[in-house]
Amino acid sequence: MKIITLTTDFKNLYPASMKAVILDMCEDPTFIDLTHDIEQGDILSAAFALYTTTHFFPSGTIHLAVVDPGVGTSRKAIIVRTANHYFVGPDNGLLIPAAQRFGDIEVFEIEEKAMLGKVSNTFHGRDIFAPTAGLLASGHEAEDIGQPLETFEELSFGEVNAAVNNLYGKVLYIDSFGNVITNIPAKILEAFARPTEKLLVHGNVASYSPTYGKVQKNELLVLTGSHGFLEIAVNGGNAAQRLDIAGHPEIRIEK
Amino acid sequence: MKIITLTTDFKNLYPASMKAVILDMCEDPTFIDLTHDIEQGDILSAAFALYTTTHFFPSGTIHLAVVDPGVGTSRKAIIVRTANHYFVGPDNGLLIPAAQRFGDIEVFEIEEKAMLGKVSNTFHGRDIFAPTAGLLASGHEAEDIGQPLETFEELSFGEVNAAVNNLYGKVLYIDSFGNVITNIPAKILEAFARPTEKLLVHGNVASYSPTYGKVQKNELLVLTGSHGFLEIAVNGGNAAQRLDIAGHPEIRIEK
Amino acid sequence: MKIITLTTDFKNLYPASMKAVILDMCEDPTFIDLTHDIEQGDILSAAFALYTTTHFFPSGTIHLAVVDPGVGTSRKAIIVRTANHYFVGPDNGLLIPAAQRFGDIEVFEIEEKAMLGKVSNTFHGRDIFAPTAGLLASGHEAEDIGQPLETFEELSFGEVNAAVNNLYGKVLYIDSFGNVITNIPAKILEAFARPTEKLLVHGNVASYSPTYGKVQKNELLVLTGSHGFLEIAVNGGNAAQRLDIAGHPEIRIEK
């Protein structure tokens, strides 16, 4: 069983072309779609999706991720190798936080000449990244496909500041329920607030609660999300809409 | 071949975490996504999706369903065993109509201590239900994972009343075309209306027709849907929008 | 490994019923969803999705496609056989451009009596097309399931006209980024425009560019898309929204 995950901002159709190319190269892969609903070009959200999901997969999984506003420009195409997983995608920081969660990483620049067919300017998912995943899935080594790369694009989840009465951080991801997930680690939240304490999120009162269903319906809450970060939610509702949050703004939690 | 279906209101990303957990527990499962587009917390729509789909799957299929507004509260986690299928999910009625369609059911309360890792307060799909499906898929019995449960949450599809000139029922599901599917069985509709008869749906004239394309484009129709229930549709259009129907209101069909 | 692709306008839930039926008929198929997000009844967009994707799949793949506004009327159900691939769906032109890309085709009308269960009037995807794919996947020949059909519905991608200062064509597909893909072949575009030349698309200035990221952010561009056709895009934006294009209008590119 060779597992290949896919993460893109393609929504539909284009992921199938990538799978077709891989099916033509290797025997019976198992495809798992992480998400194809990343906002167009939103590298940070995709990096977070990878960061919070890929470590649940078995050893040997190949993670193919394409959020690639620089396709066809001089940005490189890379393989990132960790102890037991591979990541394949553009060199724009997308793959790095998830890969580094596994420990030490090695980065390789994919050589276009390792690709069999003509490479388009606009769909490297199909023409470079999928064939690379197909080569890895059929037993090739990263060294066969690319050259070691010393310098690559990093991506930071941003600074967190904790004072006695304030937490400052940044929105990393808004999930499909409208839950707002920040870069503030659970431990910092748990040291900051007492159970059921009232907090202020951008001036709105929110209860600190262990889970959604322990506050009133439609009430704003702050909790430790399942990803291990401070999350802002509305029980039965949509916190991002309630607070008019989109993208990756700074976030402030006050007592 | 071990088939596991998934039904959630997660839209994207979170189903992949559930699959990752299962892939780490059993050899080469086949995942089939029923739908992840259930409205947030809409247990009845999800129960209907399961009810109309799961009986087409082969014997031995495991149906994992998570529409779970009570996650982290005192609601139980359950396994429902039928003659040949398993259902896994929260004890909020979600699983029961589909399971009872197979005949007699046995219900087990999942014991958290059967789970290997730490259980979050907000994502039992990943931390309890997926591991349970993984255990069942790798040959464990329901008795190994939980305790028999005498009392569990039921879920009713609601009353239907048929008079000479009126049918009363309830909306169970609005599909992606905007077709409005009710709880009124086909047999009651077929006894009520003559072929091509004009009916009134909330005051709007609709033809009773065997299929969409046998009325004019954009015309409202009432038909026996593929699920075996009275369905309200617009040929080439969206009946829910036309009639301003959302959720699960009562429905009245008049002559 | 038996690969079955699925292309529909069903969005969600109904594709799972089709897969269930197939799983009950053949051993361990590999399902690949091309897209289920085709606009309701938009046969041309679905035909284009098939045309640009199916030829990447390995020999022996079965392509099941259901965009079927005429379900339950007198329109036929067909199998199209090419040298190495099968297509299954309604006889409304949907399958033909993709199938003809493989060379000569043979068309068979599916006989309802080859189906095991009761056939609904409204969901032939589940009751006729999926069982047909299941029969083909388990080794049956097209001749076992249907009768050769001499006359079938064709579908044209439309005329293209190229003058010295004008290109005329038609919109075939709007992708999930809002890129507008026309029926004008890359070769005609490449003979028409010089690199980086400014063109007019419905009166709007657009750069002719090899890829999105080589023009300014939010700038309109004309390029050779990854499908091999003239494509209109906005770097980091949505060209269909910018130009207010929906459906399949005529398109004019001027110097």
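A, B and C are the chain letters, set down in written order, and residue numbers restart from 1 in every chain.
Just so it is clear, a residue touches a chain if its C-beta (ideal position, glycine included) is under 8 Å from a C-beta of that chain, and two chains touch if they have at least 3 such contacts.
Chains and their UniProt names: A, B, C = S-adenosyl-l-methionine hydroxide adenosyltransferase.
Just so you know, these numbers come straight off a predicted model, no measurement behind them.
Shared contact partners of chain A and chain C comprise B.
Rounded to the nearest 5, the angle that brings the Cα atoms of chain B onto chain C is 120°.
Computed from the mean C-alpha positions, the centre of chain A lies at a distance of 30 Å from the centre of chain B. Residue positions of chain A touching 2 or more other chains: there are none. Taken in their complex, chain C has these residues touching chain A: 1, 3, 5, 30, 32-37, 49, 52-54, 56-58, 175-177, 210-214, 223-226, 231, 236. Here chain B touches chain A in the complex through residues 9-14, 16-17, 19-21, 23-24, 27-28, 31, 40-41, 69-73, 120-123, 126-127, going by the rule given at the top.
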